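Across the two complexes that follow, subunit A remains constant while its partner is subunit B and subsequently subunit C.
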Partner chain A sequence: MHGVELSMENISVAYNGDITVLKEVALRAKPGEVTGIIGPNGAGKSTVLKTIFGLLSTKTGTITMGGRDITNLKAFQRALEGVSFVPQNRSAFAGLSVYDNLLLGCWPFRKDKARIERAIDGIFERFPILKEKRSTLAGSMSGGQQRFLEIARALVTEPKVILLDEPTAMIAPKISKDIYALTRDLADQGATIILVDQNVRQCATISDRLYILELGRNKAEGTREDFATDGQLKEMVAEWMNYKIDV
Partner chain B sequence: MNELLLQGLVNGIVVGLIYALIGVSLNVIFGVLRVVNFAHGEFIVLGAYGAYFAQAWLGLSPLLAMPLIFIVFGMMGYGLYFVLVKRLARSNDPEHASLLVMFGLSLVLGALMLLAFEADARSLNFTLDPPFLMFGNIILPTTKLLGLAVAVVVTGALAFFLYRTLPGKALRAIIMNRDAIQIVGVDLNHLSALTFGLGLGLAGITGILVSMIFPSFSPFIGQDYTLIGFIVIVLGGLGHPIGAVAGGILFGLAEQTAMVFFSGTVAMLLGFVLLIAVILIRPAGLFGVQNSR
Partner chain C sequence: MPMSAPQGNTEKSSHIKFLIWGIVVAAIVAVFLPAPLFASNLSFLFYMMLWITMATSFNFVAGLAGYMPFGYVAFYGIGAYATGVLYKTFGLPIPVALAGAALAGVTIGLLVAPTLRLKGVYFGIVSLALAMAMKLVISLMPSDITGGSLGLILSAANDPVAAYYAMFVVLMGALAAGTWLTMSRLGTALRAIRDDSEAAEVVGVNVVGTRLKAWIMATMFPALVGGVEAWYTNAIDLDSSFNLLVTAKSIVYAMAGGLGFLVGPIIGASTLYGIDQLIWRHFPTLNLLILGVVIIALMLLLPRGIVGAFAQRFSRFRRFIP
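Our next item is the complex of A and B:
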C-alpha cells in the first residue's frame, strides 16, 4: 500500500444549492495513519467522505491528493486516481457472485487481465473466506461477510486513500473487531485511511489523528495523544461522547 | 383440434420471442435508467422504416440492414440520453417525469413519422423460398422461422453480454444498486448512455423483425408495440432483463393459441387477463423480486 496525503481546505457543501451541510471544513490525512472523524449525529461526518469521493460537489474550497487538486474530478475519476470508498449502506451487488463483485472492483484496470488475476488472487490470500465463497451470490452471505467483501472490493485496486464510513455499523462484535484490526493493519502498511465511526471508543483507539465535527464545522482536531493529554480536548470528548480518550 | 392447438403453440413461441425482444430492450432501459420509455414502440416503427428505406435506397436486404440500424439507433440513443434522459435525474420524481417526457416523445415521433412517411401502411419486400415449411400438418412461414432464429441469436447475444462480460455485469450491477456503481470507478453517465443506446439499437432490430413477420407497419402502430412491451415486462418482472423472455413467450403463447380458437380481439383480451392474473398473484412478475429497491 502506498498512501498519499489527502487534504481538504475550506470545504463548504450545500444540498439543493442552499441547505449548507459543511461549512469551511479542513482536514489532513497522512499516509500510514488512520484519521478518525467523530461527532454527534448530523455533524456532517459521512458528508465529508462523500465529498472527498466526489459524490457531492463543493461550493468552496479545494481537495488535494498527493498535492494534486482533485476538487473538480467526478467520483469515477477519483476512483481511477486511487480513492476507494466503503459507504455505510450496503454496497455489495447482491445478485452477483463474490468473484464478480471483486471483478467489478477491478473496473479501473479492466483491460489488464494479468493485473486483474493478480489483484483478485491477492484479495483471496488476505480474505480466505471470500475465496471459499467465490461463487456465492453476495446477497446470500451474512452482513459481516458482505462488509468484508465491500472492503475487499475497495482494496482490489491497491488504493492510495481509503474512506471507511461506519464500517462496523450493524455488524457482530467479533467481526467488528476483525474490521478494526484490518483497518489498523492497512494503515501500518502505508495506506491513508479516513474513518468515520459512531463508536468513539474504537475510533479513538485505532486512529492516529482525530477530527471532531459539530453542525458541519470543525470543532477540534489533534493526535490521539493530544486528546488524551489536553485537558480541554479530553473534557470535550468526555462531555459529548461520554468517553475519555487515553493514550 | 390437437393440430390447431399445436399450430397455435408454435406460432406463440415464434411471436413470443419477438415480443420478448421488445420487452428485453424496454426492460434494460427501465432497469438501468428507471426510465419508462413510452416512446419505445415508435423507435421500433422507426426501425421498420429504416429497413424499408435501406432496402429502397441502398438495396440492402432487411437482414443486412440489421447491423446498420443497430449502430445508427445505438448512436441516436447515446446522444438522446444526454439531451433528454440525463436531465430527468434532476426531477424530484424521475420515474414519473420520464413517463411523461417519453409519452410526449412518443407523440412527437408519431407525428413526425406521419409527416415524413404519410399514413399509408407499408411492408418490406422480403420473401423466402420456399415461403412455407410443413411439419406434419403444422404450417410454418419461413420468414417467421428466420425471425425466430434472429430473435434467438439477438437474445442470446444480449444474455451473453449481460451475464458474461464485465460491462454487462456492470450494467446489471446498476440495476441491483445504482448508488454503489460509482464506487467501483464506473462512469455512470457513460454507461447509462450506452444502455439507452443499446435499448434503442435493439428496438431498431426488433422493428426490422416485426416488419418481416407481420404484414405491414405504419406510423400509428408504435403505441401497440409499447403496450405489448409493458405487458411482457410486467409479466416477466419489471427491470429483470431475462424475465422479459419468459414474459414474451408466455404472452405470445396465450395470444396465438387464443387466436387459433377465437378472434384477434379475444386473443388480445386474453393477454390482458393474463396480465391482471399475474399482477394479482405475483405483483413483482415471474422473475421479479418483491421490494428489491
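Our next item is the complex of A and C:
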C-alpha cells in the first residue's frame, strides 16, 4: 500500500444550492495513518467522505491528493486516481457472485487481464473466506461477509486513499473487531485511511488523528495523544460523547 | 497464471450464452433473409422485424439502463420525418435520408441527455413531453417542408423489397448493438448501474458516460425504424408518426419477453405481434380489446416476462440466457 496525503481546505457543500451541510471544513489525512472523524448525528461526517470521493460537489474550497488538486474531478475519475470508498449502505452487487463483485472492483484497469488476475489472487490471499465463497452470490452472504467483500472490492485497486463510512454499522461485534484490526493493519502497511464511525471508542482506539465535527463545522482536532492528554479536548469528548480517550 | 475455478465457470457460461445467442441470431437470419423469395405476406414479416427492433432498442434503455421513456415514439417520429423531408424536400437518395434520420434521432437524444439525471417516473414524463413537443414543432414547420397536415408521400421511392431488406439491416444492427451493450464490459457496467448506480460509481464506473452510450443506441434505432417504415409505406403523417401506441407496443413487447435479456424482446415481440395479427384476422372489430386482455393476463401471470419467468423458475440456467 502506497498512501498519499489527502487534504481538504475550506470545503463548503450545499444541497440544492442553499442548504449548507459542510461549512469551511478542513482535514488532513497522512499515509500510514487512520484519520478518524467523529461527531453527533447530522454533523456531516458521511458528507465529508462523499465529498472527498466526488459524489457531492463543493461550493468552496479545494481537495488535494498527493499535492494534486482533485476538487473538480468526477467520482469515477477519483477512483482512477486511487481513491476507494466503502459507503455506509450496502454496496455489494447482490445479484453477482463474490468473484464478479471483485471483477467489477477492477473496473479502473478493466483492460489489463494480468493485473486483474494478480489483484484478485491477492485479495483471496488476504481474505480466505472470500476465496472459499467466490462463486456465492453476494446477496446470499451475511452482513459481515458482505462488508468484508465491499472492503476487499475497495482494496482490489490497491488504492492510495481509502474512505470507510461506518464500516461496522449493523455488524456483529466479532466481525467488527476484525474490521477494525484490518483497518489498522492497512494503515500500518502505508495506506491513507479516513474512517467515519459512530463508535467513538473504537474509532479513537485505532485512529492516529481525530477530527470532531459539529453541525457541519470543524469542532476540534488532534492526535490520539492530544485527546488523551489535553484536558479541554479530553473533557469535550468525555462529556459530549460519553467516552474518555486514553493513550 | 492458471485461471481460477470461478473465472473458468464464468468464461464457460459466457461461451454457452454467446453460443445460444448465436443460434438465435442465425435463426432470425434464416427466417427473415430469404423471405422475400417465397413469403406471400411480406408485410407481416416486415412489421415483425420492426417490432423486434423497437422492443430490442427499448430494452437498451429500460432493461439495461433502468429508464422508462414513455415518449419513446418521439425518436420514431423524428426518424420518419427526417427521412421524408430529406428525400422529398431536399431530394437526397433514400440511404442518405436514412442516415440523416439516424443522425436526427441521436442529435435529439443528445439534446435531451441531461434529463438522464432524472429518475423513475420523472424521466418518463419528460420523454412523453418530448414526443408531444416534437409533434408540435413539426406541425409548426412550413408545410412545403413537412407536408403540413397532409404529410409527405414518398411514392417515387416505392420499393417494398428494398425497404424490407433495409429493415433487416436495421434489425441486425440493433441485435449487434445489443450484443455489444450486454456481452461486453459495457454491459457489466450497465447492469451495475441499473442495480445500484451509487455502488457502480464507487467502483469507478463512469455512470453518466455509460448511460449515455445506451441512450444513444436507444435513440438511433427507433429513428431508423421510423425512416424505413416511412419508405415501406411511402406515407408520413403526424398522427401515425407520433402515435403513442408505438411506445406502448414497444414497452409491452419488450416487457412480455423479459426486460434485461437480449432474447426477451425478440420472444415478446414475435409472440405478441403474432397473436395480435391472429386476433386481427379473426376478430377485426374486437382486436384491441382481446389483445388488451391477452396482455393483462400475460402481465399478471408472468410479470417478469416469458424469459424472466423461465430464468426465475430454472435459476440454474439463468447465467446461460442471453
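Miscellaneous remarks
Note that in this section the second predicted complex is superposed on the first by the 247 of 247 C-alpha atoms of A that agree within 3 Å, B and C clash if a C-alpha of one lies under 4 Å from a C-alpha of the other, contacts with A are read in each partner's own complex, and residues count from 1 in each chain.
The rule we apply is simple: a contact is a pair of C-beta atoms (placed from the backbone, for glycine too) under 8 Å apart; a residue touches a chain by one contact, two chains touch by 3 or more.
The structure presented is a predicted model; accordingly, all values stated were derived computationally and were not measured.
Superposition model on subunit A: subunit B and subunit C are shown in a clashing arrangement. Of the two partner chains placed around the shared chain by superposition, subunit C is the only one that A:Tyr99 touches, whereas subunit B remains out of contact.
Using the contact criterion defined above for the overlaid structures, shared-chain residue A:Phe148 touches neither subunit B nor subunit C, since it reaches no partner. By the touch criterion stated above, A:Phe127 is placed in contact with neither subunit B nor subunit C. Look at A:Phe76: by the touch rule set out above, it reaches both subunit B and subunit C. Of the two partner chains placed around the shared chain by superposition, neither subunit B nor subunit C is touched by A:Phe227. Once chain A of one complex is fitted onto chain A of the other, the partner contacts of A:Ser135 are limited to subunit C, with no touch recorded for subunit B.
After overlaying the two complexes on the shared chain, residue contacts for A:Glu117 are found with subunit C alone; subunit B is out of touch.
Measured by the number of subunit A residues touched, the leading partner among subunit B and subunit C is C.
Touch criterion not met for A:Tyr211: it reaches neither subunit B nor subunit C. In the superposition on chain A, the residues of subunit A contacted by subunit B and by subunit C overlap at 53, 55, 74-76, 79-80, 85-87, 89, 91-95, 100, 103-105, 107-108, 110, 153-154, 157. Interface of subunit A with subunit C (complex): residues 53, 55, 74-76, 79-80, 85-87, 89, 91-95, 97-100, 103-105, 107-108, 110, 114, 117-118, 120-121, 124, 134-135, 153-154, 157.
The touching residues of subunit B, counted against subunit A in their complex, run 166, 169-170, 172-173, 176-177, 179-180, 182-188.
Across the complex, subunit B is touched by residues 53, 55, 74-76, 79-80, 84-87, 89-96, 100, 103-105, 107-108, 110, 153-154, 157 of subunit A.
Those residues of subunit C that touch subunit A in the shared complex are 1, 3-7, 9-10, 185, 188-189, 192, 195-196, 198-208.
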